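In what follows, subunit A forms one complex with subunit B and a second complex with subunit C.
For the complex of A and B:
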């Protein structure tokens, strides 16, 4: 069919717009309208707003001023500190999170389908709960008083109580622990799906060669789930760069702005100080950084990955 | 056929997504129009020129426990007086009110009337959505409101809103325990106290099981401690009368040193205490004095005592029966006694439908709910005095309130210093940003014992000089 169409085109005949094509476009339209209204339009509007000193009634065009204000280095400009905090958070949380998810998925795999489903449901459960509810629970866990749950646990090992969320030494670590222990559901399910897709003959061959469990994981499983790892890493980095809820609910960015993330900074500029233009400029810069990071990851990890 | 069904389903899905995007104005208008017809019909015989129908949108959080329910009743009462005016109430929670209002204002769809704290006024003025209400309200009605409270709702001489109440924030205590320890609570309430006297008292109240003092200082609540204790140290406002920034003065260093001393003394916890914990710590006997506290907390203690008597399981777990004392904040550096206060009020806001006629109606309703018996009933719930004459005239105090607390609250309200005239919206916005991004974060370090008072002070000075210029910041002592 395709060959016929190509040939027809080479012969100089016009490609006919069939009834089937029309239906195709009509069905695509639903998704396209949603995409244009809720994704494309806000993005272009944000780009436009980033060049304004935005006011609901009479914005003023300020050119690149919002970008200059964001990037102008000063000891008191929080953008760089927030960027560094976000980078550190991402660098620790994303790889560790992938490692934990991969390990859990490998451990779940040998079980029966029913048991697997139970584990998948259990690990996915925190993802169903609202971020706010989870934060409230974690605030309770991180209670800095000696009666706090984590502090009691430390006390059991003779370690003094920690000022979890109020000390620069532990605040970021606390957010990282929270992220590492409460959001693996999707990653584990994705990894299990990838693991199930590996042909059993590889393992049978490896067993005949006398490969150990870790050798099988290293030389068979890990390379074959690389496309999945790449996908999870790229989406993980994107999500991590946009992290907001944890810092907003748990620390408010403190102490000493040690947990102020880019997402929180943008939110504060937009909704606390009414600086919509500045917030949009920072959001656009964040988008550019995320795009570069994603490209970098594809280049670095995606060399031998068909994706 | 399958294609058509699938297409229909796709259309329904798309339309469903857009269903929430339409203006809610239409049904209201339809409702208003039908109301108009009825009203016109009812009034048709009396006058041929009926006033135009109008809808006023009010957005408010639960200012008191009954506020939102009362607001609806007031809206109905108002409708009886002005049949052509319909009031629509948007209820919010304290948690989402500011964000929701900010988002609506930015979109040009702000409600006609919104509750705000005076500290946020500058943001809305800068945004260009706050309205000069004096143009749409008679001078006689405006004069009903106390000038001091009204000045909180003003910037650069322009009045943007009406005050609901002037709330005072200070410290509270387990009065029963203090008296058992031989502390003259009544004297403190009547005459105030110095920081040194305060330190002696919290030392006396500290045992292995109990802190003499606790202050909710976790996260962003840290700023409360600066503001409340700052009032006793000559730092009631961000700017002096000659419009110089005050947090760079020697008073600030004294305040920070005092807080450093308190946190290191062992008389108060050296870890972050969440807002919800501080009163519970007092009620369970784990702390004697707590902050921040307000006069209305007397009601919490009374309710808890009643629950303990009734033994119905509603009392705070492990709590003890005790009386509550509202205390003034201690003074430092020989500064005059003062109290930290803010005004919460209602402002008129510009949106896409704003006209002069509409604003007159808006102000009519705003004045209606900020004055008279409406505000008097709210103030009874909040244990505060009304800030308008008509409210005071209508106020009948509930029985059973502690006279010492009442007197202390009245004394503290009288001590609250309004912001100086001439402070611009830009200055307010800069001071807020400085507080949120530089002062509070460094102050959190001091509370965590990771920076000294001098280090924090030096950073504040450096940041303030960068923001306002050194010549616009106070050096030396205030007061």
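For the complex of A and C:
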């Protein structure tokens, strides 16, 4: 297409805009201006800034130094630690929350439409409250004194009180538990929509062959909702790689950086230490990693998605 | 009940059916209770005595019922009410911008054939995948240092005035409208603007409502960006304001929960009155995602 345009221009013919073209441009004008100023420009500016040592008056061009600093391995380089933490967090939370959502969605199915929508609403509800407030509730639940509600619960089973968020052993685990017990509403609703789309004849055929309930789930339902699983997994991983709020509010990345994740690291570099260039370089590396991970998941799952 | 084919109907033994459903319901209710617990606890604590995190007995139900924590929330800062107002202004501004601009752009990308349409839409799709960490630093420099917009509504609204995701959402929905309808309106002598106002917008009520609700909710609950661009307590949004109740070693727990309950109230009211659109929003976004 580009070739023909160039050829047209060479021939001295002007690019003619039809009436339809002009209407199109009028309709997208406002959106595109906003998009260019507040998305496109910042993206290119971030790439540019990643080659700078940023100073408010006269930044210094340092080439790839920010990338080298990020990737150079040393004991004090938090990038690898943060990357590992993010990876561990993602590897535990995303698959488990998908499994929970899938199980709940399957369990909601035998009920009437009305009961189904009540359950959907109840599972969606926790998602409408704000993260700031909920994270403080969780701080309180995880209180390390024996009075803390989680410790009271452990005490009930005769397990000694834990330090939850302030011990390197349990801090990450605590954040994971919190994520798993937060709202799965959108995932559950998406799964239910996919499950309701499965044709009944599959089950009738399986019934004739004497398939058990679990065989039906394993060999009919799970393969047929695979595109949904893929979609939820990709969006889940993308979201999890950017996780910031919980670590920021609950642990501040501690203890001993056990819960420092990439999102928090970038925030700290930018807005605590004012190293804008380094933060931009790390954000761009994060983008590349997310892109690769998404492609990888499509490859891994996509092979047998289309029957 | 289309998919109940997955489950046996136990036609010969209704008792088994009822027992099975009762067990399933019990498990579902227990899990729901676990995920709802933090919110319930937040509301219960708000109606309890004015306590902080420093050495108090933790119980689920407050030791006595009182409104003193709400009083403490409003006494904490002279701007407490203003924070809620600020959140309303920012969320409303963001919603209006998105409903207006994203729906126009979404319609154009779906139904108007103009040069460069697919390239431009491709750019928007790619932009959707970029994590916010990339744009946050340049945006911060732009708004705070270049435009000197600290502590303004504009600084909080402008960056999300028309998001790539909402353009995508509208395009997906409008693409499903019948093209012959639009073509015949054109033959009748309508111009694109008339078609948009008289045909497309009325047919697109669902997506507009979904978009308005989701945008309002994410703006209302957004902490990060308002936190970056405000430092005057009078310009805080409610989420940034709530953070002020948490200090390094202590949190004014009950007043904060009172504030959190107040801030969650509009969301709950919206959720219960417009539930259908919340649910719709999930599936509209996911289809063909």
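Here is the rule we go by: the second predicted complex is superposed on the first by the 266 of 307 C-alpha atoms of A that agree within 3 Å, B and C clash if a C-alpha of one lies under 4 Å from a C-alpha of the other, contacts with A are read in each partner's own complex, and residues count from 1 in each chain.
The definition used in the following text is that contacts are C-beta pairs under 8 Å (C-beta built on N, C-alpha and C of every residue); 3 or more make two chains touch, one makes a residue touch a chain.
These figures come from a predicted structure and were not determined experimentally.
Participant: Taking the superposition on A as described, I'd like to know which of subunit B and subunit C A:74 touches: first, second, both or neither.
Facilitator: First partner only.
Participant: Does the superposition put A:276 against subunit B (first), subunit C (second), both, or neither?
Facilitator: Once the two structures are laid over each other on A, A:276 reaches both partners.
Participant: When the two structures are overlaid on chain A, which partner does A:255 contact: first (subunit B), second (subunit C), both, or neither?
Facilitator: first
Participant: Tell me the contact category for A:110 with respect to subunit B and subunit C: first, second, both or neither.
Facilitator: Only subunit C is touched by A:110; subunit B is not.
Participant: A:186 contacts which: subunit B (first), subunit C (second), both, neither?
Facilitator: second
Participant: Thinking of the overlay built on chain A, is A:161 touched by subunit B (first), by subunit C (second), by both, or by neither?
Facilitator: Touch partner of A:161: subunit B, not subunit C.
Participant: Residues of subunit A touched by subunit B versus by subunit C: which partner has the larger set?
Facilitator: Partner with more touched residues of subunit A: C.
Participant: A:55 in the overlay: touching subunit B, subunit C, both, or neither? Say first, second, both or neither.
Facilitator: Only subunit B; A:55 stays clear of subunit C.
Participant: Return the residues of subunit A at which the contacts from subunit B and from subunit C coincide.
Facilitator: In subunit A, positions 23, 26-27, 30, 34, 38, 56, 139, 143, 145, 270-271, 276 sit in both the subunit B and subunit C interfaces.
Participant: Please give the residue numbers of subunit A that touch subunit B in the complex, ascending.
Facilitator: 23, 26-27, 30, 33-34, 37-38, 54-58, 74-76, 78, 139, 143-145, 161, 163, 165-169, 251-257, 268, 270-274, 276
Participant: Can you list the residues on subunit A that touch subunit C in the complex?
Facilitator: Contacts found on subunit A: 15, 17, 20-28, 30-32, 34-35, 38-43, 45-46, 49, 56, 100, 104, 106-113, 117, 119-126, 128-134, 136-141, 143, 145, 147-149, 152, 181-186, 189-190, 193, 195-196, 198, 200, 202-204, 207, 213, 216-217, 220-221, 228, 231, 235, 238, 241-242, 244-245, 249, 262-263, 266-267, 270-271, 276, 279-280, 282-284, 286-287, 290-291, 294.
Participant: Under the stated contact criterion, what part of subunit B meets subunit A in this complex?
Facilitator: 3, 6-7, 10-11, 13-14, 17-18, 98-99, 102-103, 105-108, 110, 123-124, 126-129, 218-220, 222, 269-274, 277, 350, 429, 432-433, 436-438, 440-442, 444-445, 447-448, 450-451, 462-463, 466-467
Participant: Can you list the residues on subunit C that touch subunit A in the complex?
Facilitator: 1-8, 20-21, 24-25, 27-28, 31-32, 34-39, 41-42, 45, 53, 55-58, 60, 97, 100-102, 104-105, 107-109, 112-115, 117, 120, 123-124, 127, 129-142, 145, 158-162, 164, 167, 191-193, 196, 217, 220-221, 223-224, 228, 239, 242-243, 245-246, 251, 253, 256-257, 259-260, 263-264, 267-268, 270-271, 275, 278-279, 282-283, 286, 289
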